[in-house]
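What follows is subunit A paired twice: with subunit B in the first complex and subunit C in the second.
Moving on to the complex of A and B:
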């Protein structure tokens, strides 16, 4: 038929757009991905809760491993999630709570302090790296910074355990070494992910706020002393 | 001028004719049809970029909703009318909400406005940090003040970190609020508040300085106090602090004062502006040191043991007779009951 012949030659006959009504024009222009996407959504809704939780836990665990061995991979960046940072932040805040003598009225604010420092610090570093011309997105950066708190949380656990055993100058030296090592590890891990997204001559400008951020957290961990 | 331009119809670039016609044919070129941004070209680019993105988004969302509607039509027989309608309504509500939210976000949270102020190289930042301690003697021509915000912002955060360290070491107890809040409030309050105040004074005396330049100047002027506090929160000697206060604090104050002097005309305005800034800056450093430092001093003295004055316990004035009597005869006390 004339209409189908015209349609077979691409962009032919565009000058004559009107189609007579007795020739039915049919076709499927929609991209066939649509219906299959709908099927996917329904299938994840119908799966048992255990599957969903295990999938998320596995993703979080995978990212923890990536922080432990920081190499240039995009796993942290590609599927960002904020579960890990939340878990780490809450753990750190709970462990830091109730430190230093006669601070009954400061038990509450210390939890809030850690939260505020971690989240607003991450937001500010993200904004800074975006303003300096970074290509990383807002939540990806939050994800990376949050996950890289993990070495410091481990250091906090170690410090807490060591302080239960004894407290003195040797213990302080041990704590200092552990906290310094984990602080360096955190900074190195986060810059391995963040600095790649910056123009090469500006890496130092992005690294400094990250350094300051982890330094403040490391300082809070180091000066933590348990209630007598 | 305008009558002459009215006869030029053949300009390819859209001559002044259009503006005149839109403005109702007034004799002067209608300023309302010019850009009414504050004159910086990057803001124009930002707005154009925003408008283009919004148009794209609206077109994309329109196409998406059309696709969705087409898909819903296919499923009509399978899912039933009620489910399909519900889903469609939910989709449309979501799209409308998303459009509103993204418009508001693009309008208020557009950080592209701040992007030019962060366009620095590490070498430039290092140079400016060092120069902030070197006063420049030229006060007859306006000195060049860099208009960037990266360095000042990082310096304020560094000061916050140093202050936190000082507060923790001195065991400051903050009853209403938190350590973090106090540190951030103090530093940012000083930077933003004093900048605004000095800018206001500069506006009153007609000095040639913009708010951005004032923020930048004061921000870099915090480099000296940062060093002083870093040293003296760890090494507690009074004379060391006073020496560093005068030296580094004085140098950074002189640098800021010289920059302001070069941009102000007249003796009284100069005195007012520079005196205020100098006073505030030096007093701020003094305040930061002494507010979070005295408790440590007391602790150190008591540890040394020589002069017990700061931490000495003063005995209460209890009559000795009563005390000794009660202490000697507890039995008497018991039998009284």
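Moving on to the complex of A and C:
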């Protein structure tokens, strides 16, 4: 009794508050079973494995298409992933194997050398653009640089196919044209994505290392000479 | 009214220079702009900035010659202060390294207490690849008339060139800076250059070798040596013009010995690169003992007999 009186005193000032009839004051006091319902929306534990793999593959394929038709879109930057660059780097390194080498170290780049050049080159270019004041994040930049190797990988496939046929001067001219075109395409695609994130008076300072990077990769592809 | 305002204005100029050298300072609202307009509008804030940074300036002026980094060496902003250059500044410095003029000290005229690491690093990387690629092309062109020649990419040369050039561009400035600092003892403010400025001038002085190495593709021996002489003259004079004013206060023997060492090391780099990577028509290859190259020699010897 005394407790209820004491309890009612804090609310004493509210005794003259009234709520009009036409404002509906009703609701459900029971707490909804929240966690499990939210989990059903975001949890991917229960879906079949095929769905999981297809989702990632679709994301990777989507980015490949973005590289093929480069336009300034933020989709590539927002949802970065490194599956595509890894796939491209491994493919390129494998295709560059088996070059002419009767002396151990006279041949083309080894698998590890290609890997080191691609990944450390991308990391250094990313660090360079961040140090110069760029606003792009580290992994986004790695993602863009890795995906834009795709035209060069396609050029490598074309070169190897053409080299199976013959290896004369005409074939060399064809390879040169294909590699040059894909090098220009790669550089153009990556600058289309990266250029916006730089302050305007330093754009050339950021674009030049990208140009050098793809030039070195194009050189490795062009000088691939098959074993005879 | 005249004298306090004059003193104030001088303070503002120095601070304005400092501020334009480091636009990342918190007082500027525009990011990345180095135009002098901003210094006028930021006049009041500039004064505050100078007083805040005095302690940091004294600690770090030893290594950086007056440039104030923001933060310790474990923060990202510390390294960002080494890349505080615009495109036009880098191009100006490259131009200054290619066309040295007797009155102009590279460090005082072009760097102006804003040394950067962008130029030295990317010039070294470009030089590594240009030397290797041009050497490869030059070998290919020189062996064109040889029917048994089989083209090889010789990719291992990238590693060798990278090690040699980066060691030259970093170890020699460390040694030179240490030596000059030791010789001057406590009088550093009078003539010495900071470590970063030394690295910077060495890096930019290597730029002339990039077009030289590209021109070395043309496989004539006399052309190679002419180009080496021109490149060494230009590059060596940039270094000598930079370091002579610092060294000439020392004893005659030390001064001359220092300058001669600088020039000799530079010469060794140029000649070493030329001999290892580039083989002209008339000179026999010195460093690649492959069976096919030896075969080429025997066929050439047979032909000349």
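One rule holds for everything that comes next: the second predicted complex is superposed on the first by the 179 of 228 C-alpha atoms of A that agree within 3 Å, B and C clash if a C-alpha of one lies under 4 Å from a C-alpha of the other, contacts with A are read in each partner's own complex, and residues count from 1 in each chain.
Quick note on the criterion: a residue touches a chain if its C-beta (ideal position, glycine included) is under 8 Å from a C-beta of that chain, and two chains touch if they have at least 3 such contacts.
This one's a predicted model, so the numbers in the text were calculated from it and none came from an experiment.
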{"item": "First, second, both or neither for A:184, with subunit B first and subunit C second", "value": "neither"}
{"item": "Partner chain in contact with A:225 - subunit B first, subunit C second, else both or neither", "value": "second"}
{"item": "First (subunit B), second (subunit C), both or neither touched by A:131", "value": "both"}
{"item": "A:208 touches, of subunit B and subunit C: first, second, both or neither?", "value": "both"}
{"item": "Partner chain(s) touched by A:112 [first = subunit B, second = subunit C, both, neither]", "value": "first"}
{"item": "Footprint overlap on subunit A, comparing subunit B with subunit C", "value": "100, 103, 105-106, 109-110, 113, 128, 130-133, 201-202, 204-205, 208-209, 212, 215-216, 219, 223"}
{"item": "Residues of subunit A defined as touching subunit B within the complex", "value": "30, 34-35, 38, 100, 103, 105-106, 109-110, 112-113, 116-117, 124, 127-128, 130-133, 201-202, 204-205, 208-209, 212, 215-216, 219, 223"}
{"item": "Subunit C partner contacts - residues on subunit A that touch it in the complex", "value": "99-103, 105-110, 113, 128, 130-133, 199, 201-205, 208-209, 212, 215-216, 219-220, 223-225, 228"}
{"item": "Partner subunit A, residues of subunit C touching it in the complex", "value": "31-34, 76, 79-80, 82-83, 85-88, 90, 118, 122, 125-126, 129, 133, 136, 150-156, 158, 288, 290-292"}
{"item": "Touching residues (chain side subunit B, partner subunit A) in the complex", "value": "67, 70-71, 74, 111, 114-115, 117-118, 120-122, 125, 150, 153-154, 157-158, 161, 164-165, 168-169, 171, 173-175, 177-181"}
